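Worksheet for the structure shown next.
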Amino acid sequence: MSLQNPVFIPGPTNIPEVIRKACDMPTVDHLSPAFAPILKAALAGCRGVMKAERGEIFIFPSTGTGGWETAISNTLSAGDTVLAARNGMFSDRWIKMCRRFGLEVIQIDVTWGEGIPLPRFAELLHEDKAGRIKAVLATHNETATGVVSDIAGLRRVVDEASHDALLLVDGVSSIGSMPFEFDDWRVDVAVTGSQKGFMLPPGLAITAFSEKALAASRDAKLPRNFFNIDDMRATNVANGYPYTPLVGLLNGLALSSRMLLDEGLDNVFARHARIANGVRAAVAAWGLAPCAAASELYSNSVTAIRVPHGFDPARIVTHAAERYGMAFGAGLGDVAGQVFRIGHLGMLTDAMALSGLAVAEMCMADLGLDIRLGAGVAAAQALYRHGCEQMKAAAD
Amino acid sequence: MSLQNPVFIPGPTNIPEVIRKACDMPTVDHLSPAFAPILKAALAGCRGVMKAERGEIFIFPSTGTGGWETAISNTLSAGDTVLAARNGMFSDRWIKMCRRFGLEVIQIDVTWGEGIPLPRFAELLHEDKAGRIKAVLATHNETATGVVSDIAGLRRVVDEASHDALLLVDGVSSIGSMPFEFDDWRVDVAVTGSQKGFMLPPGLAITAFSEKALAASRDAKLPRNFFNIDDMRATNVANGYPYTPLVGLLNGLALSSRMLLDEGLDNVFARHARIANGVRAAVAAWGLAPCAAASELYSNSVTAIRVPHGFDPARIVTHAAERYGMAFGAGLGDVAGQVFRIGHLGMLTDAMALSGLAVAEMCMADLGLDIRLGAGVAAAQALYRHGCEQMKAAAD
Amino acid sequence: MSLQNPVFIPGPTNIPEVIRKACDMPTVDHLSPAFAPILKAALAGCRGVMKAERGEIFIFPSTGTGGWETAISNTLSAGDTVLAARNGMFSDRWIKMCRRFGLEVIQIDVTWGEGIPLPRFAELLHEDKAGRIKAVLATHNETATGVVSDIAGLRRVVDEASHDALLLVDGVSSIGSMPFEFDDWRVDVAVTGSQKGFMLPPGLAITAFSEKALAASRDAKLPRNFFNIDDMRATNVANGYPYTPLVGLLNGLALSSRMLLDEGLDNVFARHARIANGVRAAVAAWGLAPCAAASELYSNSVTAIRVPHGFDPARIVTHAAERYGMAFGAGLGDVAGQVFRIGHLGMLTDAMALSGLAVAEMCMADLGLDIRLGAGVAAAQALYRHGCEQMKAAAD
Amino acid sequence: MSLQNPVFIPGPTNIPEVIRKACDMPTVDHLSPAFAPILKAALAGCRGVMKAERGEIFIFPSTGTGGWETAISNTLSAGDTVLAARNGMFSDRWIKMCRRFGLEVIQIDVTWGEGIPLPRFAELLHEDKAGRIKAVLATHNETATGVVSDIAGLRRVVDEASHDALLLVDGVSSIGSMPFEFDDWRVDVAVTGSQKGFMLPPGLAITAFSEKALAASRDAKLPRNFFNIDDMRATNVANGYPYTPLVGLLNGLALSSRMLLDEGLDNVFARHARIANGVRAAVAAWGLAPCAAASELYSNSVTAIRVPHGFDPARIVTHAAERYGMAFGAGLGDVAGQVFRIGHLGMLTDAMALSGLAVAEMCMADLGLDIRLGAGVAAAQALYRHGCEQMKAAAD
């Protein structure tokens, strides 16, 4: 594995130089006044990126998994029922966590590659006149399959059922990379991590809670200690922390969120879409198809690519690492033997993306797949240079 | 606050240059073979530093508080009884966490400045013929008071009572700085963090579990998710992680633990004792006294210093930060208005320690305390230059 | 210009992570014993990489240009005659420097793209029975044209003429990237810089002097002050320096030279040849040709590429920077309007090289050149994956 | 030697965190537009710090010694006469360089510890009706003795003699630390380095040339190549460089000069004076005396301290390094056996300064000098806490 190559895993992402430097701090006394501006800027930045002006942000030294636990343990009680679709490895894991906490899960199994089945959710919510369902869990972007689900649609479904369930959304691999509207979608708890759209090393679980979620937290009975938002809020208001904060990462988060907001979220999302379109064009040029079942499900942060039947896609990942020193994502769970994944979130240049595609196609060719070298690269190039035709015209 | 001055808080500590560089890694795919040597070295290093050859190490992306939660939630069930002394802020917090988890706590209140009252523990354990007490919780070094308790003695007490309780030890501010014998003391769960004796930034809860604790974990019913040692073990054995690991910090931990072991733990402890002796000599020269009630309780990682009655010690901490850009620790909890603290753990040179003492005495003088400038520094110098007399002799 | 993209200028090169960290040192007292091992390792490493076991190494805080001055001013006197070919920008500049020093230059003009004309040199040296020519200057690798000259052949020519001239070689863009034999070729002064094959930031002029050159220095009358090898030698022997050394860069040089030697110079050169072959395969696939007039002149550190007549190649460089944030080299001097350059020296992965080729072909297409996207990339890929056919076979 | 301790050599100085990060850049193509803002900011910053609005700045990849060479070789011709005082190691070296260049030097020997003898200079300049003296060389701050000379006075002396000589000033260890007025003093060439008041690693010779010096350069005949200001000017105007620039250091220089200007030069100088006063108070408390012969000669960047007769001061420097891992400066040249030096330029906090004094007095005590521990520290503390008495009063 070369430290010089970009990584093409769906997070942690390639960390921009300035962000690495912002994270690499000497020890700062977190109980001194020097901590306040860092914490404030990090919280404000997250609020901006999550479009959660009406939300309250809580940042825990942890990972996305800790964010899931924060969402559940602060809003629910043992025996509560939640509704969730299992359409990938990460929705599956969140469901399993719920069960461990003694929650009842109405698990809707869908083929991996599909999104959250809104009609089925609509039915179940309509039927639940008693309000047994306390929360609807949604994985915005399934990192295992490269499938983005329709959270705005899910909000409508809940509303149309006049259902009072909380809407808990895993935005780990979407927030900062694809449109996410905490306020507009009236999300109740959103969860992400530092190592995805925020372009930082891992180490922070970032959550936003709505007023309604905060109200629910007052009755929630699941044990919560490390991930207790009351402790976090009580200390944050005085620019403190319930335990030792990860000052360097928070400082990095303050910077990276400002970078995203300065660039403009719409521009950030357009940049991700552009890079993703190039990757998908390459996939098509290779004669392969995304795992995502329909184009409206395509994720702009990761593409899971189906390989020909009988070919083990893990070989691509291993070969890329061993021979070319480059990291791709392997298939996980139900699609483990069917896909490999190219992560394309965070700060990627065209050149970086093309290097990943070039290596991917060398690997596939090396391993005997019928891939024409340069084909995927050319397809992505055609897309990346879009808008440069006028130069050609001017030169003619 | 100056980034050029050393910090004198009792953790996070001053991070040596090489360790900062080891932590500041570009993104490494944690699912690639590149992660295995990092994880293995970190685990082996912790085992060495904790003298836990018979223990199993689990490292969570978290802080010491997460380590407490790991210790409790993996070994106990709601309703279980634990025995604990409250002799400082951190023992107090651990007790509160137990209560939140629905544990019964036999809380022994002692004056802050005292250690764990072994005779009282002996009584209670002897009386507990029914084995109601499932665990004894011990804070090895109370960071709030600078008091080190006798864990070897506590082990003897438990043994003499032929009691089967688990021995759970918070070694957050002792491990890596003062003698700690996981195996010899037959500790069942030991907890520490990256940001103390290991000289790293915060972000890792480091725990060691004995065979007995692992056995207890099989029956423990408290919900455990993020801090689940079963998930950690199941993935670690294959050089994996249950979620995204903090690769940079683990890499730093691999280095810092090797540095400690290469220096020799006895030398590391002697170094800490030496620096601490200098600080205590300065305290005496100032006419002040440690919070610790007796010399055998003196901590080598932090000294809490009692100020004259009626003087608010928080002023020293504020003044040091504002005027001299230096960080000391404020008093916490029961001793908040009585002490300020000088942290002296991690990699400190004589020169660094003396700079802290020099600033502390300027602050006290500035604020009207009757301190002779240079007095504390001179007392520490006399100690730090010990062994150099022969030079003088040779020069005569 | 993106800091995330690799650079494709012919130096400074892409700096590996570990080397950046080795250079980024806190202040070290260069008069303390801490400096000796750094200086020694740097000197020994340079000796190894230059294959100059019989040479003496002098490292000046400067650049390659300072190295040229070191070579001249320490061995020659005003009025001395030197023989040099002008076959590119850098040989031209060295010649100009000689003239400024009041040296007589027998300048052999050759078409840029050609190497040093050995037959012509042979003639001139044969004719020079009086030994008027004091030194032969040779630019081993002309960075402006991507042409490598035959230094071993030049040595033979000098020998066959039984001529006593010093052989001064500019190895700035060859040493560490292509075979260079200071001892075997009996080079008298070799010159390079830190920012090329040594993969460091710029800042050091690295020179090796033969016994004969050292002898010549005793009679040389050109003023030499900053670049005086006598001052350097007199201080280096005591692990000192005639002025403040660049400790961080020297520390980086100690590491980078060890990395090259550990990898094995033959492997390093083979790696450069492999990457360069891919670049040249791409050039051919684009229907273009290197500036170098014959394949035996091809440089493995930089390729200058001729563009179609009437097209301004500087537009490619500008467009790559502005549109794709990537740096290529522009044409210089006589070939300024005819070529652009791809630097491929230092530590480059296949993935990095392919990203440069992909961007180069997008730029050419954008600007209206008749380039099929992916064509050059595919040609390079075919070469880079060489040796992987057996995998395909095994998979069949 | 500990990398954690501050250094107390008179340069290179302790590098602030942000400056280290500014210098540690990935490779930037210096021929791309990315270089222009870095170069411009560095040049403008130097102009500001040197107060050289009427001067032209030239920055060479080199050290202060290269700056001396730049000053001489660009303004003088072989056989020219210069006037210089030899009052320390660095003035001595500059004189020697002049001689090597074939200049005639009127060398005024003064006891080391004295400044430039203005009356003697006045005499000589008055006598020189023929204008034989082409330049007056002045070492503003003699780093070897800690003596600052009166450059404004020297300007007056030259003016009063109605002499046309150029005024060439070595400000290596004064500029950025003590008042320096390029324009007001009508300095013709000023020389400094990156590693002193600019707080950077070594690697840059920074020079400012007056109009008169630029005019002189047109007739100057000394060979100049690497240090040729014409080449530098010709390329700088187009944001270029005559060879590969040290982009990282220039980026650091852009930042450090802005930091100095943002702080306000008067504040910077007051800060240096304050720290220096503390050091001198310590020296007095030790019963020792500065090498500088009178208080008006005291340098605020370095103090050379006379030790008792018969005691070898080099032992202090060696002992400090070996025993306490701290770097002080040894005595040089004429005062080698008489003084050791404490450098106190650059960004030093009170705490850092006190740590140096504490170690110095331990060393002296260790080696048998009659030093009361804490005495020097207390004297400096009394000074550093000046202005804090009101706190004490308020507390009373």
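The letters A, B, C and D name the chains in turn, as written, and every chain counts its residues from 1.
The criterion applied here is as follows: contacts are C-beta pairs under 8 Å (C-beta built on N, C-alpha and C of every residue); 3 or more make two chains touch, one makes a residue touch a chain.
All values derive from a computational prediction rather than experimental measurement.
By count of C-beta pairs in contact, B-D exceeds the other of the chain pairs A-D and B-D. At the far end from chain D, in terms of centres built from Cα atoms, lies A.
Two copies of one chain, chain A and chain C, touch each other, and the residues they use overlap strongly: the shared fraction of interface numbers exceeds half.
The mean-CA centres of chain A and chain B are about 35 angstrom from one another, to the nearest whole unit.
The distance from the centre of chain A to the centre of chain D, each centre being the mean of the chain's C-alpha atoms, comes to 54 Å. Centroids built from CA atoms put chain D at 45 Å from chain B. Shared interface positions of chain A, i.e. residues touching 2 or more other chains, are given as 3, 14, 17, 24, 26. Only residues 1, 3, 7, 9, 11-15, 20, 23-34, 61-66, 68-69, 97, 100-102, 193, 195, 201-203, 222-228, 242-249, 321-322, 327, 329-330 of chain A touch chain B when the two sit together in their complex. Those residues of chain C that touch chain B in the complex are listed here as 17, 21, 24, 26. Interface of chain D with chain B (complex): residues 2-6, 14, 16-17, 319, 323-326, 347-352, 354-356, 358-359, 361-362, 365-368, 372-375, 377-379, 381-382, 384-385, 388-389, 391-396.
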